[in-house]
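A, B, C, D and E are the chain letters, set down in written order, and residue numbers restart from 1 in every chain.
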Amino acid sequence: MIARGKSPAELGDTLLYLDNVTVSFDGFRALNALSLVLEHGEMRAVIGPNGAGKTTMMDVITGKTRPDEGEVMFDRTVDLTRLDEPAIAALGIGRKFQKPTVFEPHSVWDNFLLALAGDRRPRFTLWARETAEERDRIEELLVLTRLQEVRHHRAGDLSHGQKQWLEIGMLLAQDPQLLLVDEPVAGMTDAETAQTAELLRAINRTHSVVVVEHDMDFVRALGVKVTVLHEGSVLSEGSIDHVSADPRVVEVYLGR
Amino acid sequence: MTRTSTAICLVLVLGGAVALAALNLATAPGSALHVPPYVVSLVGKYLCYAILALAVDLVWGFAGILSLGHAAFFALGGYAMGMYLMRQIGARGVYANPVLPDFMVFLNWQELPWYWHGFDNPLFAMLMVVAVPGLLALVFGWLAFRSRVSGVYLSIITQALTYALLLAFFRNDMGFGGNNGLTDFKDIFGLPLQADATRAGLLVATAVALALCLLLSYGIVTSRFGKVLIAVRDAESRTRFLGYRPENYKLFVWVISAIMAGIGGALYVPQVGIINPSEFAPANSIEAVIWVAVGGRGTLVGAVLGAILVSGGKTYFTGALPEFWLFALGALFILVTLFLPAGIVGALRRRRRTPATVPAPEPAE
Amino acid sequence: MLEVRGVDLHYGAAIALRGVSLTAEIGEVTCLLGRNGVGKTSMLRAITGAHPVSRGEILWNGEPVTRLPLYERARRGIAWVPQGRDIFPLLTVRENLETGFAVLPRGQRRLPDEIFELFPVLKSMLRRRGGDLSGGQQQQLAIARALVMKPRLLVLDEPTEGIQPSIIKDIGRVIDLLRGRGDMAILLVEQYFDFARDLAQRLLVMERGDIVLAGRRDQLDEQEVRRRLSV
Amino acid sequence: QGAAPIKVGILHSLSGTMAISETTLKDVMLMLIEQQNKKGGLLGRKIEAVVVDPASNWPLFAEKARQLITVDKVAAVFGCWTSVSRKSVLPVFEELNSILFYPVQYEGEESSKNVFYTGAAPNQQAIPAVDYLAANEKVQRWVLAGTDYVYPRTTNKILEAYLKSKGVKDEDIMINYTPFGHSDWQNIVAQIKRFGSAGKKTAVVSTINGDANVPFYKELANQGIKATDIPVVAFSVGEEELAGIDTKPLVGHLAAWNYFQSVNTAANRGFIKDWHDFTKNPKRTTNDPMEAHYIGFNMWVKAVQKAGTTDPAKVIDAMIGITVPNLTGGYSAMMPNHHITKPVLIGEVKNDGQFNVVWQTPGTVVANEWSPYLEGSKDLIADWRSPLSCGNFNVKTGKCGGASK
Amino acid sequence: MTFLRIFLVLLALLAGPAARAQDDPFAGLASDDFAAVSAAVSALALSGDPQAGAAIAALKADALFAAPDGTLLIRGDDGYVDARTGRKAEDVNEDDLNPVRVNNAVRRAVDAALGSLNLFAADASARARAAEDVFRSHDPAALPALGRALAQERDAGARRVMEQARAAALLNAEDAPEADRLAAVATLRARGDIEASALLGALHDQPPAVATAAAEAREAIARHLRLWSLAQSVFYGLSLGSVLLLAAAGLAITFGVMGVINMAHGEMVMLGAYTTFVVQEAVRGYAPALAAWSLPISVPLAFLVAGGIGIAIERGMIRFLYGRPLETLLATWGLSLVLQQAVRSLFGASNREVSTPDWMSGAAQWGGLTITWNRLTIILFAIVVVAALMAALRYTALGLRMRAVTQNRRMAAAMGIRTPWIDALTFGLGSGVAGIAGVALSQIDNVSPNLGQGYIIDSFMVVVFGGVGNLWGTIVSALTLGIVNKFLEPVAGAVLGKILVLVLLILFIQRKPRGLFPLKGRAVEA
């Protein structure tokens, strides 16, 4: 599918390039020679059985886990395996975790404030004042995530679903070039799920996105290319109809 | 760290110190209003402890770094000041040696070790008061935070640090007077240390230093920097994915805090008249943490209050109940923990807070 | 039968449940629906004893359990699959499952084979630490762990969250099977409406800390329910 | 009666690391004060003890000293054990011109107008002990083992100079320092054993402090070092310390003090009986620093009677020359250097935890507060009588060095 | 009594007719001058007086008294016996008696005298011990006795020591021929220990050949001992490590497993040590026959006492603090102050004596290795305690529940685990183990209210260095720290050695921020 060892020039409009990535934990291979290419402006849905390695793949991209082997390139020239998490975040890669993780002692408002794009260095934050612009942006996000009413609540006191929304909002606040979204609609009602799909499509107009989800209706609603992972490597790739028809995908993932 | 409580605390500290100093100097010893010098130096000592407590609260309350070795910075600042005071003695030591401090003379040292040079200069000495603890904190913090040492691991190595320093300063060969440390100071900046006016001046200076530290800390923790710090405290790895470098944040407050502790120590030494290695004892650092916990972690004002109350309690109990004061103090710690989970200031403030900050006990969480 | 009567639940000063009542019959699946933050999880916490209620009463098979601690309720047959899974991260998968033995008499402390039929992946991971599993695997483990307890009231909080479609189907089959045995009451919180509708005999819909719609599946207007679940 | 009582401060740690040693001293002071009150008090007034706990915390010592003097207005303070605690309170006593009685053997190199040193200076303990070993045990090789702090350091410096002046060679002296509370002595004891196997009679001179002694002696016993092979002579191990050790394997090891509980004099028998009655414990031991307080307190009483007042300035002047009986059958006198004369006794450990006095100086020894064996201090003397009134008078330059008033 | 008879016969043999001529062989014993007493002891041993052995033995036991009239009396279990006649003495006025005082010189003379006499004891090990005494005194006067003893010695071990003793005495004799001397040097070289080296080093006035041989022998011994000293350091290290391990094991539960920053841990250790003290006193008072067993009896009792108090602490205090791990620091610190002071008020501030049973005292020589019994016992004890602890946590249902509760208290309760009970038991177990450590520490350290304080810092370091929550790590960490310490100590000195260990520890944590055996993976971050 992907030719090995391409030079940067050959990668064309590639934003994210994973090649032959292998990660093992005490001998267990969570990723097994995984390769994946994401174009600029593309949105990709990644599905696959529990334990296929989807979250691990995101860990590798964001610098949380170092691969044992393989190449992870961003924007053709940046080798992500050499960078740590803040450096990768600074490149414009944002992430929403599978298990919602927010800053629990802070209010919803402050969570957004901390996530907003901007200078992250101590010497800036020490003097930073909340600008009108920032306030407007946070208000927008509060509406979008329907958290207006709880804006002053401690994030730790939110319900599970509210935290999911908050984290999605924080990801948007970062305004990254590439969004990695791990199971965004888990715990959402069907209506919310549909809205979220809509939201992601809107974002995708200006950003690149990788979405992991088990909700097939949602994936279908996204209407993008789907990659199916299984046991750490790509099992199938193509449109949602293509992969749902793949008997191997039905066997290991969709079930009958 | 609400604005009002911080302001009240500032006024009390500054006003109180000035009032005590004035009453000490301006009234006659017999008068009812007279504040004896004993009280002046006692309060001065408490305020130094309060600076240390503030330093601990800054890193513990807001960056989640439980330092069990903060007294090391306090002691280092104290030693820097002590070395200056020692050099001030000049030929007035018992052996009348114009250069060597007494303890060097009687252990047959021939010349002043290199690291003692410059301490006769007050400016240099004051620079060292901040530079030595600051540098140690910088090196230690840089190593530890960069390697992502955190939690109890960090706590224990801070303890190891202060313990190692304790042992090192104990060694007579180190040239810091061994177990006896540095004593027998005569004057500071040319003023006799035993004069009431000097004492009162030191008290006011300490109060001013405490006030400045409090303002600085308040400024730091209420800034956006402070919010990041709290985020780091409770979800360090999450902040990284947002592009923050927790190690830089921690290192910054860590060094600031160490310098604050060093200043506290430097003011402490002329007021108590001795600095020796027992100030490095791990128990001292733990006590500083306890002041903060009693007053209320993460409240700044609580740290000041806790330090003064606990030290005051110790002064009172060791005199009033010499044989049983440990029961009283120990019980106080236990009761505060059980009944005032957020410390004294936390308890005063507990209004709008939901118990999510403080999970209900059995059987819930 | 589980009966909840007029329960209030507070988090500090904030109220999460206001005088809620519900029942769940043995041999039936009762499904609790509602948008984010309406209090579904809080309801389950009240029933399992994970959070104290400030008013009202909870009866299990006629016995009031309102003041009993969690473990006493567990010993009376109430098992809980919490939202967020609450796997014991440092225990192995096997040990996680074996924590369920606490409520069983000594002779019955064996891992039932059916859980491995249901979740084959667990069988191959018995020696792995629970915390290392993927999100979906943990969810499977949480359900399996509850089944080890041989419960008579099974309380599930969004059990399909993060689980791959084929296993969701399996879980549906198991819930149905367990219900079919007729000795267990099942209370299910779900966002995934189709799944809930297919399984449940009774549906309850919550809004802002109270139940606003309740009834047997065939009696309820599906459009009405869906409307209440959307914004 | 009727007059306000005379207050006396007791400044001994009742908690923390030094409580082990100092608590007893507080008790003996309470006993002495009670006895004095039974005898009608002092100047027709009762004596009242003010006990505080400086908690083994050196700055707290200074704070408590100041409190005793300025708040409680005590006439004199009996207290301190470690040198550092004394150093910590010294400026307070000098500033407020009050009196401290310091009852513990120490390194010397000090003489303050406001302190009366009732414990031994190095020449009243260490040097006679070394002489004894050289003469009676024919010791030629010396291990100077101590806790790493000022008292052992100074004592060992003095001993080293002294031994060398007697012709002992460098390679026959081994010096070893350990931290406070050192508890694992395996290596060091083995090292001592090795050092002692060079063929010359070897002895250990121990300035090991307090807590570290029990594990040290236990290890000696374990590794089978008997007093007949390598005797250990200690300056900080008394009856109180031995109470925590099974002494059977230690029989014959030595200690040098100015008092032992086993000294068989009428005065001592009486003292021990009073002590047992006072503490209601027939097993409580007595020790050297207790005797020092006994002497110091009696001297103070006499000086107050002589001065007719408790005013420290007057009492300080009255102190010099006061002579009181000690418990070992002689008299101790307060010398112009504010140190007292003492007999030196060498005792061997018995299996009941007591000491068997095997040697003693024929008379009493005057303290060398400034050691003649140290470069810096050999020209210094202390004499608090006017007109000299100086704690560190340099006989070479003819000046009262430093600022000590 | 056989012993006494042999002993008397022997005296007669030894002394011969000349000694009998002396008037009163006991005369010098009552002297005030130790040198005179020493001489008198030696003379008495040679005198052949039938009462000599008893008198010398009494002297050694501090049971010989002098009356003002010059009578010497031996104090026995039932009254006094006249030393000269062996007859019971009547009407003794105890107040008039003065003990015959002994100093080290006298003791040496006594040992030498008794040494020669015991060479003919019935028990082979007693003979070997006697020979060892002679070896140490290397008094040429013992040569004839040694010769006779050797002639009839059957036991190989005793025989070897006697030969060494003879070699030692011979080298110090004035008239031994050079060949014998060379043989003696070879014997001592073969013995190969420090004592032999010391003896060889102390020789003077030897013929040149002998002097050279002695010097060579000393070098050979030194080479030999250098190798052993490596092993010796390892033993010291293991021994220190096992002490650290014992002290830390309980903390590995209360802190490592439960997450309670237990500053009162040291006080639990101290309570264990005081339990040992109380048990010992009780045994002495009520069941003296069990005296040797008071330590083993203390182990379960210390466990129960410290464990019980631990349970009380958990119920009364800690349980309100779950989820607030840092607050436990404050409360347990307060508690440690209270416990220390309580013990101080109850037992007094000074040290209490816990004696070492005979089976734990002394040392065994194994090649160049000195293995002290108490240390060896503690090493073995530590292994047993920690192995039992690990097994309990890993393989029992209770252990599983303990771990479950500490990882997620609420969920554990939801699984039907009685969390309050398990919490109390876990804290009790950790405290109980600390108590057991106290029993062991009573053997090597002060039993004082401060005992625990001396170990708390080290304990935390051990647990953290090994990796919190990992008992196996705790073991490796304790032993490593012990060994590193013991290898650094001779090179750097005790103080600097300790500083170095701390600095190494700080640097090590930089490389391994979660200890030697970190728990890895998602499980930890979760």
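Assume a contact is a pair of C-beta atoms (placed from the backbone, for glycine too) under 8 Å apart; a residue touches a chain by one contact, two chains touch by 3 or more.
Protein names from UniProt, one per chain: A = Urea ABC transporter ATP-binding protein UrtD; B = Urea ABC transporter permease subunit UrtC; C = Urea ABC transporter ATP-binding subunit UrtE; E = Urea ABC transporter permease subunit UrtB.
On a predicted model such as this, the values are computed, not experimentally measured, just so you know.
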Touch-network distance, subunit B to subunit E, counted in steps: 1
Co-neighbours of subunit C and subunit B - touch as defined: A, E
Between subunit C and subunit E, the fewest steps along chains that touch one another: 1
Pair exhibiting more inter-chain C-beta contacts, A-B or D-E: D-E
Geometric centre distance via CA averages, subunit C-subunit A, whole Å: 29
Distance between chain centroids, defined by C-alpha means - subunit A, subunit D (Å): 75
Whole-Å gap separating subunit B and subunit D, where each centre is the average of the chain's CA atoms: 35
Residues within subunit E bordering two or more other chains: 340-341, 410, 413, 419, 453, 495, 498, 521
Numbers and ranges of subunit C residues touching at least 2 other chains: 11, 14, 49-50, 69-71, 132
Per-residue overlap in subunit A, given as positions that touch at least 2 other chains: 25, 157
Of all residues in subunit E, those that touch subunit B in their complex: 255, 261, 263, 317, 319-324, 326-331, 333-338, 340-342, 345, 409-410, 413, 419-420, 453, 457, 460-461, 464, 468, 495-496, 498-499, 502-503, 505-507, 509-511, 513-515, 525
Residues of subunit D touching subunit B in the complex: 14-15, 51-55, 57-60, 62-64, 66-67, 70-71, 82-84, 87-88, 90-92, 95, 109-110, 148-150, 153-154, 157, 177, 179-180, 374-377, 380, 391-392, 394, 397, 399, 401-404
Subunit B residues touching subunit D - in the complex, by the definition given at the top: 36-38, 41-42, 45, 89, 91-97, 102-103, 105-108, 167, 170-172, 177-181, 183-186, 194, 272-274, 276, 278-279, 314-315, 318-319, 322-323, 325-326
Subunit A to subunit B touching residues, read off their complex: 62, 64, 84-86, 89-90, 94-95, 101-106, 110, 113-115, 120-122, 125-130, 154, 156-157, 170, 174
Subunit A contact footprint on subunit C (complex, rising order): 11, 14, 35-37, 41, 83-84, 121, 128, 132-137, 139-140, 158, 161-170, 191-194, 226, 229-231
